[in-house]
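What follows is a structure written as structure tokens; I'll ask about it next.
In order of appearance the chains are A, B, C and D, and numbering begins at 1 in each one.
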Amino acid sequence: MDSQIVTFLINCPDNKGLVAKITNFFYSKGFNILSCQQYVNSIENTYFMRIRLNAEGTHISKKELEANFLELAEPLNFNWSVNYGDRKPNVAILVSHTSHCLYDLLERQREGDLNCNISMVISNHDKLRPIAEMFNIPYFYLPVTKGAKEKQEDEVIKLLNDHKIDLIIMARYMQILSSNFINSFPERIINIHHSFLPAFQGANPYKRAYERGVKLIGATAHYATEDLDEGPIIEQGVERVTHDCTPKTLKRIGADIERLVLAKAIKCHLQNQIIVANNRAVVFPESGE
Amino acid sequence: MDSQIVTFLINCPDNKGLVAKITNFFYSKGFNILSCQQYVNSIENTYFMRIRLNAEGTHISKKELEANFLELAEPLNFNWSVNYGDRKPNVAILVSHTSHCLYDLLERQREGDLNCNISMVISNHDKLRPIAEMFNIPYFYLPVTKGAKEKQEDEVIKLLNDHKIDLIIMARYMQILSSNFINSFPERIINIHHSFLPAFQGANPYKRAYERGVKLIGATAHYATEDLDEGPIIEQGVERVTHDCTPKTLKRIGADIERLVLAKAIKCHLQNQIIVANNRAVVFPESGE
Amino acid sequence: MDSQIVTFLINCPDNKGLVAKITNFFYSKGFNILSCQQYVNSIENTYFMRIRLNAEGTHISKKELEANFLELAEPLNFNWSVNYGDRKPNVAILVSHTSHCLYDLLERQREGDLNCNISMVISNHDKLRPIAEMFNIPYFYLPVTKGAKEKQEDEVIKLLNDHKIDLIIMARYMQILSSNFINSFPERIINIHHSFLPAFQGANPYKRAYERGVKLIGATAHYATEDLDEGPIIEQGVERVTHDCTPKTLKRIGADIERLVLAKAIKCHLQNQIIVANNRAVVFPESGE
Amino acid sequence: MDSQIVTFLINCPDNKGLVAKITNFFYSKGFNILSCQQYVNSIENTYFMRIRLNAEGTHISKKELEANFLELAEPLNFNWSVNYGDRKPNVAILVSHTSHCLYDLLERQREGDLNCNISMVISNHDKLRPIAEMFNIPYFYLPVTKGAKEKQEDEVIKLLNDHKIDLIIMARYMQILSSNFINSFPERIINIHHSFLPAFQGANPYKRAYERGVKLIGATAHYATEDLDEGPIIEQGVERVTHDCTPKTLKRIGADIERLVLAKAIKCHLQNQIIVANNRAVVFPESGE
């Protein structure tokens, strides 16, 4: 390791002395602690930490660091992961007909706002190919034909595995993924739902928002889980609307919320700000990053 | 009539020439049109108007005005109401244990922010009496005893009728009103629900918000209807929250949203800004008021 | 005229009977009034109306309509304009180094969200050419060389005139336009300023926001006038920030506010929602559009 | 000490190992670390920590703890303070004519939302006495007579000192405090300004907001310093407004922002969430409190 920024994410049963023990461990190995964020869930008695380290000047190898860390982690029952910041994650974007989130993500990545490679766009329709091509991103058209949904999913999964995809973004992908698919990529699929969940789960949220006469509409980015729209929520946004809005107007207003909410959620994921536990996402804010 | 501000609320099937016909009517009677707000629902083909008139200098009586207006209204199938602004509405506040909305409303009325008389506070508990007394508002303690809920409701209804109550505010009143009660006061009962409906209908919304891990909580003011929490929404508000919030913290943050949302909704009602149709509330903004 | 949507914008001294007279005029000519929005400024005693008409079935020519309307307008001292919705406005975007607003506008126009032609991108740098080319928009590189600013402006003005540009968008164009330039396009230049004006007028608003320790940052879209950053405000937005934000972080957060605020302002302009009077912009909301 | 919650606020030059050293110190003394929040300002190379400790089971005295802590603090150049949570702070509220913030604070304190004693209300007018009396808070009427401003300030200062006031709240107190007054209570006076500073510093912000035609208004709570409206900002809020708002309407909308912003700022102060450095307020969020 060298002048890298290393991020550890830890969660475990709460215990006296955790922060002292963990920070001491890294300090004693020569790391400079850039930020150390904790959260104690006093209802479930659990502890969460995100700690960012500057590895400059340390001469420890990854292997050695992890072996040493395990000695601390095991007796305290840590769930933990480490990211060495030395490799940009590979991302695949799944889309159907709707383009605003796709445009937004491609543009942000191009602008340097998203720390990742966008390896491919996959769609069950051929419609959005020109957008991917504008940005020189490979576009895979894998239609879902009657009775062959499983086959299509297998092709998608193969593509994702072949290209070592780290994060899958459902940017308004209008297919329900099978449990098999979902479980192949735990906490690695982010979906944008076009309502402030748990309101308007399922189909046609804008139409239902119009019918219910709500004065606020929203969007929700969450990890995909087996139960549709019930995965851990990463980010939500809302906007005021009035009685004068039709379902079409709501859709247009909603598009801007979706864009922002999805981009924020992805950024949090890519910057290792999220720990999932008990179907809830602990999302640490950026800290001097 | 004299220098009063008169407000007509009209809704009807949409038709060519409505705004010209209506404004012409009032202009020809000598009224100065202070504001004229319309909304066309092009999906349901309905038309809504709120028109505020300065009666200064007109010499027409209420009776004559209404008789003349009927000649316009009947062939065009208007639903309409008129408020002459010559009498402050009488308001009753229903509460149980929670005091923040009660305090807020009493204070706003005292400050002159709410154009009404607060005639009484009614509660199924005696707990909040000292607050009503601070503000010199009569407090009626009408407990709900096992098997005698109907009797208590009858007493409440009698009180409301005896005091000619125009608007009933459920400021965190933790009793479900019967259909009989609800239907005795159509569009005259405003309830505050402590979630952004339709999310978390029913009991314990803050606890459920914590469990779901939402990143936004909210409150909704709506007219009470037979279906619990499904009445026409008048106003909603939200606030950002984080994983660090417990149900107790959410409750505290939510209290400020509830306060503001309920006060805004009541103000809209008292200023005759609302027309209900098809279980949705058309809420016209203030216009130079 | 045929099945067009015609929009009149009117402002004048306030007077009894204005809404009746105007709506009557259009009704008598056979127009269906789609929406009629008014605003009375009771402090300055001025009246503002935006009225949208469906011309379907009328057989009046533009010339005849305008001649007839003049007979109403002159005695009542109307300032007025009419838009027949039969021609997409031509837009030029001025940029320097910063790309996020440019991307956003090009994408929205491509998506059909902005009702205009983007005729060209003009810049004093060659840097953003690839973005314009992605979207097949002509890019004009007109550098500002020492002592030759006036010459460059003349070239820009010539370009704008030659291409009959209706609206000029300063999408983070980092040059101060001369009075001559500004006055050649009154109420036709929209600028985005990266602060919530009047806070942080002038240069480096994000750095100054950091130094002042504000807890909110914002952006402001306004018509450009001779006094820098003092033109009529069309739209503003803000976002919460914390002590943890550096000027660089503020810039990143601000970029999303700028994007949204500029796009909303442009939309309001393109949909004829704005009347400027007394250096303030009356911005009517969309109404069933 | 016993089962108290002890809060240390620390700021110092940034250095490797700070979090490890500090957390270790408290762990070794037997404290349970409830939360430990840090912030590194990498521009000014400074470090900030707020650490909350459960003293249960420790048998160390305050004196001993502080003496021991000094040995850590001195070589590392800590600015630090400690709060043992064993005494409710005494608060004085200064008001003039405007009552909404006063009502709000009295009500919140009564509700148990503000962890303090409100010892007195002081005013240069007698107008708001009835409100203080409703809540049984002593009211001191100390008018400012021509040429005797200094004398009045001395009386106010004497009152504050005699009652051992810890925090002074300027809840729309319309007098400019002298440098002498301000400097007698450093970081102990919180003022609410009725605009989103630095916009509209000084008098009549709502009138100026109307004249400028802004689309957002706001409020700012800050520590009072010698330069009017330039002290460290603790909290800000905004609300959308439209062209239709008069200065009077803005004032009414603003009142709700002022209320909330002031209450939030005071809460942050009372919960020891704030460290001031370089005229900026580092405001740590609540953490499981």
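As a convention for this text, a residue touches a chain if its C-beta (ideal position, glycine included) is under 8 Å from a C-beta of that chain, and two chains touch if they have at least 3 such contacts.
Each chain and its UniProt protein: A, B, C, D = Formyltetrahydrofolate deformylase.
Please read these numbers as outputs of a predicted model, since none were measured by experiment.
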item	value
Common touching chains of chain D and chain C	A, B
Chain whose mean Cα position lies farthest from chain B	A
Chain D against chain A, contact positions shared by both copies (same if over half, else different)	same
Mean-CA-position distance for chain C and chain B (Å)	37
Residues of chain B touching at least two other chains	39, 42, 242, 244, 246, 287-288
Footprint of chain A on chain C - complex, ascending	99-100, 103-104, 107, 111, 113, 134-135, 242, 244, 246, 249, 252, 256, 260, 285-289
Residue ranges of chain A in contact with chain D within the complex	16-21, 23-24, 26-28, 32-42, 240, 287-288
Residue ranges of chain C in contact with chain D within the complex	39, 42-43, 196-200, 211-216, 218, 232-238, 242-244, 246, 279-283
